[in-house]
Each structure stands twice: as C-alpha cells, then as structure tokens.
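Here's a structure for you.
Each chain carries a letter (A, B, C and D) given by its place in the written order, and its residues are counted from 1.
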Amino acid sequence: MNEFGVKYRIGIFGSSHGPCVGAKVEGCPAGAKISEAVIQAELDRRTPGRSPVSTPRKESDKLEIISGIHGGRATGGPIVGLVKNRDVDSSAYEAFLRVPRPGHADYPASVKYGGKHDHRGGGQFSGRMTAGLVIGGAVARQVLATKHVVLLAQTVQIGNIVTTKEVPFQDAEKVVRANSVGCADRVTAERMIEAIVKAHEEKDSLGGIVRCTILGLPVGVGEPFFGSIESVMSAMMFSIPGVKGVEFGSGFGAASMKGSAHNDQYSVSKGKIVTKTNNAGGVLGGLSTGMPIEFRVAFKPTSSIARKQRSVDIVDRKPVELEVKGRHDPCIVPRAVPVVENSAAAVILDLMLQGGFL
Amino acid sequence: MNEFGVKYRIGIFGSSHGPCVGAKVEGCPAGAKISEAVIQAELDRRTPGRSPVSTPRKESDKLEIISGIHGGRATGGPIVGLVKNRDVDSSAYEAFLRVPRPGHADYPASVKYGGKHDHRGGGQFSGRMTAGLVIGGAVARQVLATKHVVLLAQTVQIGNIVTTKEVPFQDAEKVVRANSVGCADRVTAERMIEAIVKAHEEKDSLGGIVRCTILGLPVGVGEPFFGSIESVMSAMMFSIPGVKGVEFGSGFGAASMKGSAHNDQYSVSKGKIVTKTNNAGGVLGGLSTGMPIEFRVAFKPTSSIARKQRSVDIVDRKPVELEVKGRHDPCIVPRAVPVVENSAAAVILDLMLQGGFL
Amino acid sequence: MNEFGVKYRIGIFGSSHGPCVGAKVEGCPAGAKISEAVIQAELDRRTPGRSPVSTPRKESDKLEIISGIHGGRATGGPIVGLVKNRDVDSSAYEAFLRVPRPGHADYPASVKYGGKHDHRGGGQFSGRMTAGLVIGGAVARQVLATKHVVLLAQTVQIGNIVTTKEVPFQDAEKVVRANSVGCADRVTAERMIEAIVKAHEEKDSLGGIVRCTILGLPVGVGEPFFGSIESVMSAMMFSIPGVKGVEFGSGFGAASMKGSAHNDQYSVSKGKIVTKTNNAGGVLGGLSTGMPIEFRVAFKPTSSIARKQRSVDIVDRKPVELEVKGRHDPCIVPRAVPVVENSAAAVILDLMLQGGFL
Amino acid sequence: MNEFGVKYRIGIFGSSHGPCVGAKVEGCPAGAKISEAVIQAELDRRTPGRSPVSTPRKESDKLEIISGIHGGRATGGPIVGLVKNRDVDSSAYEAFLRVPRPGHADYPASVKYGGKHDHRGGGQFSGRMTAGLVIGGAVARQVLATKHVVLLAQTVQIGNIVTTKEVPFQDAEKVVRANSVGCADRVTAERMIEAIVKAHEEKDSLGGIVRCTILGLPVGVGEPFFGSIESVMSAMMFSIPGVKGVEFGSGFGAASMKGSAHNDQYSVSKGKIVTKTNNAGGVLGGLSTGMPIEFRVAFKPTSSIARKQRSVDIVDRKPVELEVKGRHDPCIVPRAVPVVENSAAAVILDLMLQGGFL
C-alpha cells in the first residue's frame, strides 16, 4: 500500500491531477520542534523551477499542515501535510490508457486497474507523489538534527558528465542548494547544466546518479534480519519514480575487489573506532558502523520526450506512433536530490526509533 | 524484525551455532502441492559442498517440516521448516566481541546488544540464516510454477571474470545447476573456478554479481507506491549478507543513456504487447510489464580471509592484529545463487497474492 | 498507532481542537462507486444535534474529500476525508493536565506525554476522533452494499431502560435513523429520551448498550488465528471512547448455559444450511457461519458531568475539587450508534478483502 | 494471519494432529533471563490433567526450545518453542467436513477451505493451538516480572456457580494454582468441581468466566488510538477458542450506572495518585492509570458433548443425527485460566515495549 515505515510511518496520498498531494506521518515524537518553514524549503527544492531549463516562474507548492503540529511542536498525533494541485488540463491522459507512453506506468497500470484508476497526470504513479516523501522526510530531518544526524544528497552524474570531487560536507551542502542541478562541484555543475540544455534542444532526456551521505549516526542503528539499513533504504529509494539502481559503499565495484582490499580495517582515532576506507558504506550486518553512510541511486532518463515514439493501441493491438506533448523536465535528477535526501531522513529516523535511539 | 512479506510472509529463526536455523512461512494457499524434495534440492544447492574449493564431503542440511504440510499439500496454516546445526566449536567467537573482524557485523552488533546476543558463528548475522530464505522461497517457487512463473539466478561475474553470454532459459537452468559456480556459460565457469582457487591460495577472497531472471509474470504485478517490485525485491536482496548493490534492467547504466535510447518502445508480437529492448527490466511504475523481470545483485568479497588484518580491542581502544582461523568460502557468490533465486520467488508470490493473481 | 486494518486500512488524524479531524483510507477497490452524500449522511448521524438534549441548532460536520475519489468512484489510491473543526475556546483544557478530570484520559495522557501532546478538547482522546471512523466506515458500507452485506446498529439499553423487542431489519433501520436515541423500538425510545433528559437535569449522565447486526455475509469470512471476526471487531469497538464491554451472540450469558442448549444445531431451510438459535452470533472458529453476525457493545456513562468531583493536583499531589464546565452530552450512546455501525463495516470489508471475497 | 503483536510478536504454528504445536516469538529483549522451567510450568497448567474429570494420567506437553534462548538468556533473535503431538487417531475428523459438529468451526472452515485444510483434530481451530499462546506468554511474563508487573487469572464462574470473594493477590495465586478449576475461593472451587462432574455425567458441558488482574503496570501504558489496552487485549482474548465476551472494569454493568457513580475520583494515598473505585478497570483513554488492570472473559460451554445432536450433510443438504465420540473436557474454563493469564502477559509486554517502558 501507500505506507512506509514501522515506528515512523509515512502514508502518501492524493494524485497529480486530483485536489492535492500530501502525506500522513505517524510516529513523530510528541514535543519535537517542527518548523513548517523547513518543510516548505525542502518542498521548494523539488518544484519545477529547480530545473535549468524551466521557465523562470517559480511554481510554488504551498504547504498546508492540517494535523499534528501545534505551536511549532509535534503533538504526538499524526502529522498531515499537503500541497494543493493547480488546475491543469487532464484531457490528454485519457488517450494514454489505450496508447501507453513508452517508459511510463501507463500500460501495466491500465491492465492492472482496467482503467478504473485515476490516470490523469500519471495519477499515483506521477513523480509529483514524491512531494509527500519530502514532507514526511523534512519532518524527520528536523528530529534527526536534534541528535546531530545530518544528511546530504548530491548529483554526481548527469548523462556522461561525472564528478568525483570530494567536497567537505558543509561546503557541499551550500553549493548543492545553490545551483540548479544539485551538484557540489561548481565546475561540473555548469557542464551538467549545459548537457541538460542540449538534451532538451535535441528533444531528448538524460539520467544520472545521486549520492547520499549521512553523518552522525550512532553505532548499531538498523534491525536484523530484514530491517537492515540497506534493505529499508533501498526499498524507499526504489519507490522514487525513475530509480534503476541502488548501491552502498563500494557497491557494484565490490564485485571485482578482493577481500583484502575491500575489508575496512579498524583503527582508533581520537579514542573513536574508525576505518580508513569505507567500502562498507557505513553499514555492516545491516547495522551502522559509525562511519558515514554512503549510497548511490541511479536514475533513468526522463521517459517523457518530445520525439515521436512507437507504441501500440492496446485494444486493437495495432502499432501506433505517439507524440507526448507538454513541457517535461529533460532530466529529473536535480529535482530528485531533495527527494532522496528527505526520504532517507525518514528511513533513518524510523530505524533509530525502532532501535530505541530516541 | 526477522519477518518479510505481507500476504506471503517468511519469518526466519535460529542462529548458526544454536540448535537449528529455519523459517516459518505464512500465506501458502491451502491445498497447494508442496514437495519436500524440491525444498531439499534447493537447500542442497546452498550447502558448502557447492564451492569449488570445498572439501569433497557434502555436508547436507537435512530439511525437517514440523508444520503446515500434510500429505504433500499445504494445510493453509503456517509452514515451519528447519535444518539442524551440526555440533561446532563456538569458542573462537567470544573474542570477536572484543576484537571485531573487519567486514563482519561483530563491531556494530557488539555495541548494539552489549554482548547479550548470540554471537557464536555470527549468530543471526551469519550467512547460514539464508537457509531459512531458501526454505521459504522453495515453497513459493512451487506455487509460482503452477502459474507458469519461473525464476533463474546465475553468476555473471566473479572477481574480474565476467560473462555476457545470453544462454536460453532452460539450457541456462541446467548448466547453472551443474557447475560449482552457478554460471550458465560453461567456458567462463571454468575461469571463475580458477579465479576462486587462486584467491584461496592467496589467502584472499572474491566478490561477484548474480543476475536473476523471472519469466511468465502476468502484467500488473506490484503494488503502488512502496510495494513496487523493485522496492520489495531490493529489500529482500539487501537482506542477504554481503550484498552491496541491486539494479534493475539498465540499472546504473541508465544514468548515461538518453531517453530516446532507454525507452522501451511497444510493439505487437503474435498478438502480445512486447518491447524489443528491456531497459525497464520488466518493471514500469513498479508494476510488471509482461517482459522478463531482470535484476542484478552485487556481492562483496568474503570478509573472512586467512591473512592477518588490523583491528582494535574495543574495550582498551588499542590496535590489535587479528587472524581469522577456520575454513571459509573464498567466494560466497556460488552459494548465493540459490538464495537470490528462491528468495526472489517469495517476493513475487507475495506480490501476486497481494494483487489477487492467485 | 492510529491505523487499523490489513487490506482495508483506516488511519485517523487530527484532534478535536486542531484544524480538522479525518481519515485516510487505504484499500478501497479502484472503480467502486462511492457517494460523498452517503458519507455525509453518516457523519450527520454522529453530530451533536443527534442528542435529545442538544440545542436545536444542527452543527454540521461538513465532509471534504481531498484524495481518492474522482467522478463518484474510488481511484484505487488512498481516500482522504476530513471535517474542519469550528473555532473553539481551548483555554479550559490546559488546567486538566494538572488537575485531571475523573473518567477521562487526562491523567494517564499527562504522565505519558509529559504535557507535550495536544490536550485541547481531549485532543486525540476525544470522541470527536470517531468522525474519522465514520468516514472510513461509510466508504466501506458502500462497497459492502454491492455484495448485499448490510449493517444495523441500534440502542438496546440506556441507563435502566432496556428493550428486547425484535424489530425486522428494514423497519428497525428506519426507526433507528428517525429517533434521537437510535432505538428500533419506538415506545422504549421515548422512555430512553426521558431518562436522558432527567439525567441531564440531575447534572448526571447515563451509559447504555448498542447492538449491531450484520446480514448477508457469506460463509467463511474471518482469518485464523488472530484474525477472527470477534478479535478484529472487538479491537475496533474497544477503540471507541467509552466502551467497557463487547460480546458476541450469547455473550456473557453463555457462561451459565449448558452445551446442549448453547450449541446451535444445523438444519436446512430452502436449501440453505441454517441454525435455529444463533448463540454463536454468526461466528464459529472466528469465521462467519452465514447466520447474522450479532454483537453488543457496552458504553459507560459520559465522564463529563456538571457536578463537583474530587480530583488531585498531580504536581502538588494535593486533593482538589473540580467542576467541568461547558455543554456535554449526558449520554453518548445515541451518537455512538453510527460509529459502531460504520466502524463495523470497515472491519467486515477488511476481512472480506483479506479472504478474497471481493 | 497467525501472528499477534507489534514489538513483541507471537506467531503460532502447528495443528492438533500434525507433528507439533508451537510459537515463534519476536522481540524478547536480548539478555533477558528466560527460564524454560517457568514456561514448562505454565504449559503444565494447560494440559488435560488439569480438569477435575480427567483421568489421573498427566499427559505432559514437553517443551522444546529450538531458537532464541542460549545459556538461560534470550539471544535477541526469534524464540521458537514447541510441544510435540502424541500419535492420535485422526480418522473420525474426515466425516466432520461433511457433517459439521454444532458449535465447532467445521462448517465455515469446510466452506472456506473447500476441505483443503488440515482438519484433523480441529486443526488450526483446535484449542490445542493455545499451547503456543502459553509459550509466548510465559516468556513475556518473565520479562514483565523484572519490572514488577504480575498477572493473575482466576475462574470466577462455572455454569451457575459464581464467586465474588476478593482474595488477596498472593493468596489467590497459590489457591488458583492448587485446585483443578483455577478458582481463588476454595469453597466455591469445590462446588464448581461438583458442577463439572455433574455436567459430565449428564453428557453435557458448562461455560464460565475468567477474571484477570494485572498489578504493577506504570501509568501510561497503551497506545492511541487503536492500540488501547482494551483493544489489543480483547483482540487477544477473542482469539482464544470459546470466548464470547470481554469486559473491562465495570463492563456491561456500566450501561446501567450513572456517571456520578461510575467516575473513579482521584485521591492521593502515600504520595501516589489513586482512585477508590476502579470502574475503569485500570484503563482510561486506552492508557493504564496505575490502578490494577481488571478484565473478565466469558467462555461458552464446550461444544463437544456426548449427546446426539442435529446436523446436516452439507453435500446432500439433508438433516443428519450426529454423535461426537471420544473424551472431551465438559468445561474448558479451568484450562483456559493459564491461557488468559499468559496471553495477557504477551499483550502487556508488547504495549510496554511500544511505549518505551523497557
């Protein structure tokens, strides 16, 4: 169903062309300071204006909290936050039930629901649903901050443009929020923007990779056996539309490493137990090691492209040419950055609550 | 906790040096034909004898079913299956609570449980716990088979040895089960075996990649939003000890593809709606498209290596040299093949039951 | 947490003096016809105007659906419905954190949350939260109706006034909805109204019993072992504020019956297997038998009474006299009737979905 | 499904004529001292020898722990305990699929599963399944004892024989465990035994009421809204075969009380906030008040009686006379006492773990 989590649970609702999208959040500790401005700021990072090829007009998603926060603090009851949808023309979407767009959920959803679901704007399969993840995650990050747990997602690849530059956490945070692709490396960010503009001109789209780092986690967060940090985090990440891969630490690179190189050997630094390498990505046996949590999320290129594509009429079973109209982000990655970061916060808070860490 | 699934739930129990390891399975439809021999056969694929460098002696895990199957059929009640552990010397493990093995769960588990957990043999963090996954999955695959849904996991990389050969499903199935690395490409299998033997001689270990293919799934399996095939499958896969990455279809490669190349365009073949490419890996919007489900799972090299490694005494906070004794698989990938395949079956059956497909 | 159900899940939110109260409903089948007018009608039965001693002004709870229904049909996504709260004076409630009202949640809630929860108007412990149950249940009853499953709750006792009259289902339904105490027996209803008016004059309050009947359920609804109709239904009923007891069929009377009298013996009537007696209340082994489901729910007298009561200052640990001001229902039972009926519908729909009955 | 609980979860398995019955328990804190002898003692209270009309032979249910306890302490992993079934003749049960026993699950189970379930001995609907509840509860009570939370169930009614005598907790505990009906009032116990013997002679059976008291609970245990003590406890109680009613504190009696009499007014005694009356049964707003938790559970008379009864052949739809052979308890209440007590312990531990009380 549309709910995620055990002790800290996010239930998303709404649809892209219905009245609103939002989230109901269970498990926020009573009394926790929750700033609506912080949630709004995270939502703003996700809005279309973020994209380098968007129109300058900033279309805001205005947050409304209708339950669970009173006087700037969590009441202990469910928090419900939502953003209203603007009036939009849904007429085009009816056709996609019969002639599905390549790369979209149209075809399997049409078969699954027999056309009975709310298909307008992609309905529940729309990327717009991630606004609910951002709301739930932006609440969580504020609780985590009181425990000095901080998160940073950043774009490390768009199309063929890759950065491997390691920018210190606080600097990276500023740069990521300042440029329109969410990349901590200013120079590469410019090249990523150019690549997106070019793809847009070519009526094409680009994918990319978002890396997420979590600092400050105590040792031992995570639950056996199916509640490992990797299991829960990957389940959340693969819920984000367009994600094709998730890897922790050395990730797929581990396949060609030897154990003697991969094992992160322990040492003591300033009385703290640390490892010099972090191939584990901060997780062993599903539990946090005290080293930074590191994972990477691969996004496919946007499915909606302005070129003509081949599809089929699923009733007639005949081939059809399809042209998807409207303005679409030629690369979803920049807007995915705050989604990865905030939804990761929800996962970590849930595991910390489960483990009795707060 | 140690349970996975919604309508088809596997709860694993036991520990590597306790009396047994096993699984309790909920949700197997009453009346389903379940052969214990099939479960035993899958368990046999996971035993140490599988490894190219194992001793010739086949140490069998003998299945005992103590609930839920009567007269060769599921009763509708919980199925409980277990394999007893052999008597083993657990004395070495006490030390790892204080001087943790690099790459193992020792350190975070020791902090989390304060030494109160069953640490012997890795306890609940041991790879031996996956026997429960195999039991639960081998029940599921028999139910799936009645719906013509079949699964095949195969080793496609060990260390630097990679195969890209596409072997037809049924041939692949035979070859995978016949060689000791679970690779469908006979020639590459030999090279993988050599690589493992060499790593063993060098007191080192290797990682690798397992690919899993699922055929016969109807269109529309998977649940929105957090119940996408990718979310649930990745959560299961990352529960398997040693997994560092999971990707579907084009996976991380999608990041550098263009939308025009990535979109799988629809066509009609023999009245069936198909796509020529399968970058989606058989999943769009979290739902099955009717094309084969394809995903890849990256495993790190075995953490237990015979070389001396640096660790620390976590009480004294002093550096210590550590030598991990005993016989260990220099590559876990071959034994992981049936774990991936069977646990994937459990995921798919759960989603089919949730979706009302059986 | 604030969620109930497995396949049909109601999550209630809001608080009595916050912006709204409402419910998020998961699992309503896509395409089901859902009339907002029906939901509104059930909400109207719960409003204060229902009480015989209420002011004539009908304070309506105006339903807003913000997710999950489009064009009069369920979209398959979460349904979110809410009713806004009117502006109310919450100032009195602060004091109850320190000097708790007898019979209310004030004292244990104050200790549990350390005063950090939203205590205004009883917050999440308020009877007003049951509006969410009515919303979720009024959706469910519409789905059940398509399967010819119908429900009727009726008041059978208020204070010492008891009715044992058996009124045929459809007549009872009309009468229950027509009088202000929800009693199917017109004559007794009048006496109940008098008793409530008298209790009100005496600055006192009354309890009572609501009986609920469910017709049309197929045989075999209910899940083993903890998913019995009685288990799930009682869990729902005991969530309604003020409930002290739940019994099925013969209920507590069964304790003094003999087996030969209690066993409902089978016979055949018009080709249908029936029992003449229904001591089972329509449930055996947790499963529906095809006979009417019958259960009774006991409510305590309203805790808020206008008399002076003894309490304590929980900080000073000194005795204090307390007078609870404001207008309160001297008997909650009439307004509880639609809550019992609709929340029961949610339970039954959930079990039918779990059992694959629709 | 066959699982109960959130943080402390019991999953029962097996069937009465299969290899065993047992329970898998999740959530027992690592390091908790768990005596197998205590579990065995609780199981012994449930065995047939308990009944006043049983044969003197004590048929023991011998506990086997196969997971989760090592060296007398919980490992933190799942605890699995079971008792093997003795060889029994299951041949009689086949007939009940076609000619159901009145008062048993035969008829609805036969329809639900189409005869595909394990019907022998009542299968999963058998009272024998409660051995699993006792195992799970007997673990929980040991954890609770370390927090000074203690429980006592006692028989207060069998047939028409009722006791209202209040026996101090510790005395009651001894007497309850010493006599064969589990009644704390020695004199009434004798009359209850006589009544059972007489019912047995008359080939009939008796019902009764079990009262349960829980002392030592801190204030604030219980979760809003659906996690109230009453909701969770009643759900557990109604899972026990034969239960027809559950009431807390004043229970059904509350229906005819006035608020001024029902409200438990607060006072201070030795610095502790208490109430003189306990109509609340120790629960307000679903949360513990610090007063004793009090609830009562009504059991129907045993369905299996030696008299001829009317049934039907469900295939032919013809009336049939049925005689249920074999030895059956003429009153299940005495053996239900330890089931109520131990399963209540599991509920309380779960809520305490959820609330962070340990």
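The definition used in the following text is that contacts are C-beta pairs under 8 Å (C-beta built on N, C-alpha and C of every residue); 3 or more make two chains touch, one makes a residue touch a chain.
Just so you know, these numbers come straight off a predicted model, no measurement behind them.
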item	value
Reference chain D; chain at largest CA-centroid distance	A
Centroid distance [mean C-alpha coordinates] between chain D and chain B, Å	40
Interchain centroid distance [CA atoms averaged], chain A/chain B, Å	26
Between chain A and chain D, centroid-to-centroid distance (C-alpha), Å	47
Set of chain D residues in contact with two or more other chains	1-3, 12, 77, 113, 124, 224
Topology of the chain contact graph, where touching chains are joined (line, ring, star, complete, other)	complete
Of all residues in chain D, those that touch chain A in their complex	77, 224, 356
Chain C - residues contacting chain A, complex	1-3, 9, 11-15, 18-20, 22, 24, 26-27, 30-31, 65-68, 70, 73, 75-78, 80, 82, 113-114, 116-118, 120, 123-124
Complex contacts: residues of chain D adjacent to chain C	1-4, 12, 100, 102-109, 111-113, 124-125, 129, 157-160, 199, 204-209, 219-220, 222-228, 230-232, 234-239, 241, 243-252, 254-260, 262-268, 271, 273, 275, 279-281, 284-290, 296, 298-305, 307, 309-312, 314, 317-319, 330, 355
